[in-house]
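Scrolling down, you'll hit the structures one after another.
Below are two complexes that have chain A in common, paired first with chain B and then with chain C.
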Partner chain A sequence: MNTTVARLTARGLFGRRRVLILLAVPVLLLGIALFARGSDLDRLDLAHSVLGTLALGTLVPITGLVVGTGVIATEIEDGSIVYLLAKPLPRWQIVTTKLAVAIGSTWLLSAVPIYAAGLILYGAGDDVALGYTVGALAAGAAYSALFLLLGVVTRHAVIAGLAYALIWESLIGNYVEGARTLSVQQWGLSVAEAVAADGAVLAPVGLATALWLLVIVAVGATAYASVKLAGITLGGEE
Partner chain B sequence: MTTRPDVHSGVIHDIGYRPYTGPRLGRRYATRSLYVQSLRAAFGLGRSGKSKVLPFLLLGGMAAPSLAMLAIALFTQQREMPLDYVDYLASFSVLPQIFLAAQAPVLMSRDLRHHVVPLYFSRPATRGDYVAAKFAAMFSALMIVLALPLLLLFTGAMLAKFPVGDNLLHLLYGLVSAVLYALLYSAIGLLIAAATPRRGFGVAAIMGVLMITRALASITYALNGGFDPMRADSASWVFLICPSTLVESLVNQLFGLGLDNSATLHAPGAAGAAVFLAVLLALTAGGYALTLRRYRNV
Partner chain C sequence: MAVITIDKVSRWFGNVVAVNDVTMSIGPGITGLLGPNGAGKSTLIHMMSGFLAPSSGTVALDGTRIWRNQEVYRQIGLVPEKESMYDYLTGWEFVLANAELHGLADPGAAAERAIALVEMEYAQDRHTGTYSKGMKQRVKMASALVHDPAVLLLDEPFNGMDPRQRLHLMELLRRFGADGRTVLFSSHILEEVEQLARHIEVVVAGRHAASGDFREIRRLMTDRPHRYLVRSNDDRRLAAALIADGSTSGIEFDAAAESIGGSAAGALRIQAIDFQGFTTLLPRVARAAGIRLYTVSPADESLESVFSYLVSS
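Then we have the complex of A and B:
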């Protein structure tokens, strides 16, 4: 961790009007939770569709994508990363610092609002809100690490991340059972299942598998990103 | 010592510099060139191999299912295609959306980031021409992506000897829906892309708008009892907030497709269809006008 790098990264992420765009996500989630509170549908189903499908399925990956690529890919793209790389700092420290900022921001922008929305929608009962929050914490960290790696590896990080989140997790994951085993969203869901009361949340992937895969993806992506950043070539415009 | 003026007086030789006297191709030619260049850029033509990968992958991904359906229809002797033309666009709507998100910033953000927009405006083409050329290029690129699978499906239907009149009519419905998608997507995508010089941010913002409004629409639809057996038409009003459902439900209602099927999205009634169409046109015109406004000073 390096506080200066962390401060600069956070400023790059939230500076100017960008914070307003990023804040749209939590505001939206809380708005829909307030709106859904007045509905006469089954509360648990509602919690599943808002917290599970909308929040964990769409908002967490989008936030992770914007934040994870935002901390490093934009700097690599506009070339200002050279000023950071020229400093006598180990490259892995740059990666871990930026990752820490990314994870913190993702948690702040998605997990915290999910807990609040869960409380509004369902209350604290059955630990549904808590379950989804812990699931979002786990998934948010893994997404941040994964998308930060993408930002270092490819210039099309956002597209690659979107393709993963939309096509692999949502489109293929809906039809092919096996694809769910390799989906960050489902790992988060199985963490949520473990935290929530028995039978309140259902997940297709076992907890042990999910935890191992989460740790492997997060640590592996960070390590690989450090290696990649150590030997990065700054290409020109394509 | 004074020098006599005639000793040091310089002589101007005429070494034959001449101004350009050839034909000037003018504003329309410049606009057309900008259009062609932008359309090529949308598919990565004239650029490195790497930037061709994604657009062609998406074009292929959009067309591949239609080829598969064509093969199935031909070999299993079916009477009609598994998916109607309009349904096809609705089912695979995520691919044109990714195409838009990926390529709209290619058209707009790059010029902004390298500060070449003022250079364009120093030529005969005006600001309005610039936006018009870019809009036309994005629209055409989306039309290629959307219409290619429809034409493939139609070719397949003709090969399998399905009824010509019926297929032609439904192909027309499909093409109308493709035009509406392309208009609305281009207006929204270019507006967002023109707002930021950073490509990555533009991509995420466009996709975020399309995805989040979609999720929002489906949840609000469910909250208003859209999936109840006795479905109230009023629930369908929420489709207004999301570009893809807006077009989908409008087209289904306009052409009376799948009216008896409760899973198909519909605009609420004839008056609803009129409102949906008005909103669609207003969004397109509004997006275009805001993009024009954005280029008023660069």
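Then we have the complex of A and C:
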């Protein structure tokens, strides 16, 4: 961790207009939870729809995408990263510091509101709220690492990230069972299943597989991002 | 003593060769990297600052390879051409952050010293996003100087500066050069380079076209054949008088050239060998012969033609 890099990153992330999009996510989630509480649908079904499909399935990846790319892709895009890179700092240190900021922000903006929304919708019973929250923590960390890597390797990180989250995870993952094994969202759901009471949350991917894949993706993406950042080419084409 | 050596370096982007087999060495003092836009100056500076790998050859600082070696930044200060620089920070915060990132023992004192050096104290509490181009350039300088580097690399530092800011920056760079630091800056303006650098490296179309003392290069540039378009009230008589002198190597009477002002149709296209000699000869000859000159215009004074002459010579 480098405190200066962390400070610059956090200010860059929250100091711009992007923060409004980021804050809209928890506000939307809490608003829906409050609204849905008044309906007479089955509470557990509601919790699955709101916390599972909407929050874990859509809001966590979107927050992870905006934050994960926001901590590094913006600086690479406008060239200001040169001030971080023209320093005798190990590249892995820059990457892990930015990742820590990204994970912290994703947790704050998605996992915390998920817990609150879960309490509003279902209360603390069966550890459903807690389960989805821990699932969101795990998925949020993996998304942050993955999208940070995208920010380093491609200038089209947001498009690539959206394509992964929406097309692969949501669309293909819905119809093709095998695709679910390679889906951060499903791994988060497996964690949620393990934390919640027996049978309260159901996940298609086994817990051991999910945990291994989460760790491999997070660590692998971070390591690869460090290597790519060390050999990054700035400008050049005249 | 810090020396950057560029050894048989080429860099291509796909099919485009940006830098073609360049070998040069840049030592203490001020060196100007001169060349027209798109000649490969930025590509060279990017390679010297470790943000671009050479396709072949090596770029080294005191024998240590620069690419993928972040330790070189203890010795290198870099002033990039791009303007973006965390515009949500104030000038002070920006320079201080740079000092901290270098891991300096007393970043506050280093930032203060660097800001004083570029005389930006008066605006240090304003956000850099509100700065003018010249102010940004100075704060970028401060950030590059904060760790007291032995090498300073500047990519087109005078772009967009007003004359006063330009003079100030030149003064600053002169001081660094005099301190024995290695200062390299790029520019496409000959006069700029000439005012500042004793030593000049010229690149044209990716090739190393000339290297050496600025007087030498200036002479090469002014001694090349110059072409002029001249109109007078009696072109043929003027041509006859001029051809007798050794400073012209060819005169062509172009009867088809359109007339301008009071001159008859037609014009002379003159090739002069000796630039200085011809510019004093022409008015003298015209006056002695009682010929009135209407137009004297250099036909190929563009920087590109000057550079391409250098390459072919």
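Everything below uses one rule, namely that the second predicted complex is superposed on the first by the 232 of 238 C-alpha atoms of A that agree within 3 Å, B and C clash if a C-alpha of one lies under 4 Å from a C-alpha of the other, contacts with A are read in each partner's own complex, and residues count from 1 in each chain.
In this text, a contact is a pair of C-beta atoms (placed from the backbone, for glycine too) under 8 Å apart; a residue touches a chain by one contact, two chains touch by 3 or more.
Everything numeric here is computed off the predicted structure, so don't read it as measured data.
Room for both chain B and chain C is found when the two structures are superposed via chain A, with no clash between them.
Judged by the touch definition given at the top, the superposed model places A:T69 against chain B, while chain C stays out of reach. In the overlay built on the shared chain, the residue A:G12 is in contact with chain C alone; chain B does not reach it. When the two structures are aligned on the shared chain, A:R91 is found in touch with chain C, with no touch to chain B.
When the two complexes are overlaid on their common chain A, residue A:L56 makes contact with neither chain B nor chain C. When the two structures are aligned on the shared chain, A:V184 is found in touch with neither chain B nor chain C. Draw one line from the C-alpha centre of chain A to that of chain B and another to that of chain C; the angle between them is 70°, to the nearest 10.
Look at A:L166: by the touch rule set out above, it reaches chain B but stays clear of chain C. When the shared chain is aligned, chain B comes close enough to touch A:I32, but chain C does not. Of the two partner chains, chain B and chain C are each touched by A:D78. With both structures placed on the common chain, the touch criterion links A:I232 to chain C but leaves chain B unconnected.
Between chain B and chain C, the smallest C-alpha to C-alpha distance in the superposed model amounts to 5 Å. When both complexes are aligned on chain A by C-alpha atoms, chain A residues 78, 237-238 touch chain B in the first and chain C in the second.
Across the interface of their complex, chain C is touched by residues 2-5, 7-8, 11-12, 15-16, 78-80, 82-91, 230-238 of chain A.
Per the touch definition, chain C reaches chain A in the complex via residues 11, 13, 18, 37-38, 40, 42-43, 46, 49-53, 67-68, 70-71, 73-74, 76, 78, 80-82, 84-86, 88-89, 97-98, 100-103, 143. Contact residues of chain A toward chain B in the complex are 18, 21, 25, 28, 32, 35-36, 39, 41, 46, 49-50, 53-54, 57-59, 62, 65-66, 69-70, 73-74, 77-78, 155-159, 162-163, 166-167, 171, 237-238.
Across the interface of their complex, chain A is touched by residues 47-48, 50-51, 54, 94, 98, 101-102, 110, 113-114, 198-201, 203-205, 207-208, 211-212, 215-216, 219-220, 222-223 of chain B.
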